[in-house]
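Chain lettering (A, B and C) follows the sequence in which the chains are written, and residue indices restart at 1 in each chain.
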């Protein structure tokens, strides 16, 4: 523990003023910073890059997106299939050289359909998340920036809306309006933006009393500069994490809707609708379920892990929470 | 407190009212009428049917009637299963779903809290890592994938369980496992992070320092404080179990309310869709309302004076 | 200090800033302030935390809209200015903030931080001009010019405060409010920053409102000192006079809390604690009954009565 100075028997040398000499310190030079200058973004990226799980998820997502873009093209090029072309003589085929993922009950090639489905599912997930972002940032930004009565009224409104279970609203909307890519995305975003708006509101409320925002105001900065140069960039961490995590929940919601027969309609397929479609007799044709089910799980997993990793990278103090 | 409860209650009622109104007018916005998809109905019969369902009156009158009926607990008559009362159908099928759901909730809480606690106590050890990997998997694998997988492997291939149906207690195993995987994952993560926070709190160190025995510390300080955030998950869990049950009941061929809901949507049985939607809505809003109240009750740190909550 | 003092640059009259705290109650953070600051002068403003000093500073710069009163800068009432005129006026009035960690945007480089005001007021014609001006300012506050591309988190508290000072100076202001600019810094750095502020005042002819809770530092830098208590000004005098001859019990109490750097004297020091009879009852925020007025007890020495 403590080192015992009392046993030190050595005599203390006497020092006089003559023993001291002023050291010539060039203050400006001593203040020079050697470390490479890193912006907040670079810093975040470095932390994310050192997180193997998150990087794995990022790479997996990249591969899945790439495959969903070129997979159908390759298959068309090699075998001449597209997602609609069916061969009633070759229904429910096992995976083989001609049909890499097998065929479904109408003899359609599962390889093409799986990647097309991934394309649709990803489109729905990303589009819904981006629309949530847009509405959430505007609505939440107004609440947080103006505060006061505006905030109270808008917040109460969103609370009332939020209390209505959103899947039920989505189901109702899709029962009424025919399900299509557009209406599904719209139905998913009708209350999906609320969570994002609360995140934005909370961040802006917190940030707008920071002294650097006051400093900018004292220099005469207008609303636009304050919002887009100071408030939103500094709120971007939680916004990005929420965005990342809202993609898989939109994909899940769409697959749930497929189960109710309210997902994208044939002949287009999403991963969810393919799983639903495979349910009839899949005991005997497990591959029809396997490929889309594994892919949808992988996508959800990758987004979840990436979201976790981003949260850690953006705010290291939250690690392991 | 009373003021808080009242205001929460009123807001919940307001949300419910909006849901009812939205349901009604959305259904009215459907092109055509409920009898269109049937075979061509002769005009006199059609008129009689319309009169029977009150469809010949102006919409606003229909709306007021509808509100009045709901207040009396009357959800109308199924349009496809002729002469079957919607309330009656719900009553008949809800029991099965409720039993399944309750079992799933109990299993989720026990297993989830247990795993989360273990992970926190063995922080950064093998148990922690395994639990967290499982939790992330549990969160990402959709319930229908898990349900199908369990059904295929354990029931179809290994023949350990019945493939479908819900007759004996053993039949509960697979549906409950599929239903509770996601809630278990969420609860385990929530519990772990909250327990970790408590374990590092100064009052736990103090308790250790003053010589309190570890089991006593665990029970008196750690678990009691660490379990609070779980309460916030009650609302989302209810939603999770409901959506899950719709899927799981279909896969395992269980005749609960979830299956009726799917059928009603496929048959475009509008009164039944409206009825079950409202029914689900009430359950979910009630769950959220209870969550809000209970959270305030159990956490002495939340002050009610400001009337604001996160 | 001691420079020839000119006309009144800042005139504050009847300034009030109330905050609604809900249920019909208001917090009178700043209640009826009256004072002036002459050109080239440093007015110190002291008081315990929460007494409304910072709110007063922010209201004077119109970062908060006042509840009542006026602030005249060179004779113009700034609360009556249109947004565009107010924006132009902001070039003359600047602020240095308390917390050097919170007052610099973490996503900006030093040159973005200092250059922001130049951009807002279109003061730099070209990129090169902007760069030159930023380097000039960095040099003025004693920072390396190659620090311009770095981010705030790479600097120490003292360096950050210098960046904050450079930012305030960018628009060539005449008047700067220093809102506890040294209270978040290490003692060893405090003197550096205060000396820098004094040096800049002499070179650039600045006028300061120096807000602090550290009386000895305020005495060192200020020509006159105002004492605030619960949102009101209780005493205002030349700093020597105030320290030699405090009249208001709150001022006496504050002064008695200064430690003396002499062990023998320090051991004799007695703190004067305020009692209700001493005249400093804590008034509830919504109590409007008593409005003390400032009375001149000797030339330039004003005290709030009754106390």
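The rule is short, and it goes like this: a residue touches a chain if its C-beta (ideal position, glycine included) is under 8 Å from a C-beta of that chain, and two chains touch if they have at least 3 such contacts.
In this text, all values refer to a predicted model and were calculated from it rather than measured experimentally.
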Set of chains adjacent to subunit A and to subunit B: none
Pair of chains ranked first by number of touching C-beta pairs: A-B
Closest chain to global C-alpha mean, per-chain Cα centroids: A
Longest centre-to-centre distance from subunit A, chain (CA-based): C
Intercentroid distance (Cα basis), subunit B paired with subunit A, Å: 25
Distance between chain centroids, defined by C-alpha means - subunit B, subunit C (Å): 57
Mean-CA-position distance for subunit C and subunit A (Å): 45
Junction residues of subunit C, two or more chains touched: none
Where subunit B touches two or more other chains at once, by residue number: none
Multi-partner residues of subunit A (each touching 2 or more other chains): none
Sites on subunit A touched by subunit B in the complex: 156, 159-161, 163-165, 167-169, 171-173, 175-176, 248, 252, 255-256, 259-262, 275-276, 279, 282-283, 286, 289, 293, 296-297, 300-301, 304-305, 308, 320-321
Footprint of subunit C on subunit A - complex, ascending: 27-28, 31-33, 35, 37-41, 210-212, 214-221, 225, 229-230, 233-234
Subunit A partner contacts - residues on subunit C that touch it in the complex: 58, 61, 63, 86-88, 90-91, 93-95, 97-99, 102-107, 109, 116-117, 120-121, 142-144, 146-147, 149-151, 154, 159, 164, 167, 171
List of subunit B residues in touch with subunit A within their complex: 11-12, 14-15, 18-19, 22-23, 26-27, 29-30, 123, 136-137, 139-142, 144-145, 148-149, 152, 156, 163, 193, 196-197, 239, 243, 246-247, 250-251, 261-262, 265-266, 268, 270, 273, 277, 280-281, 284-285, 288
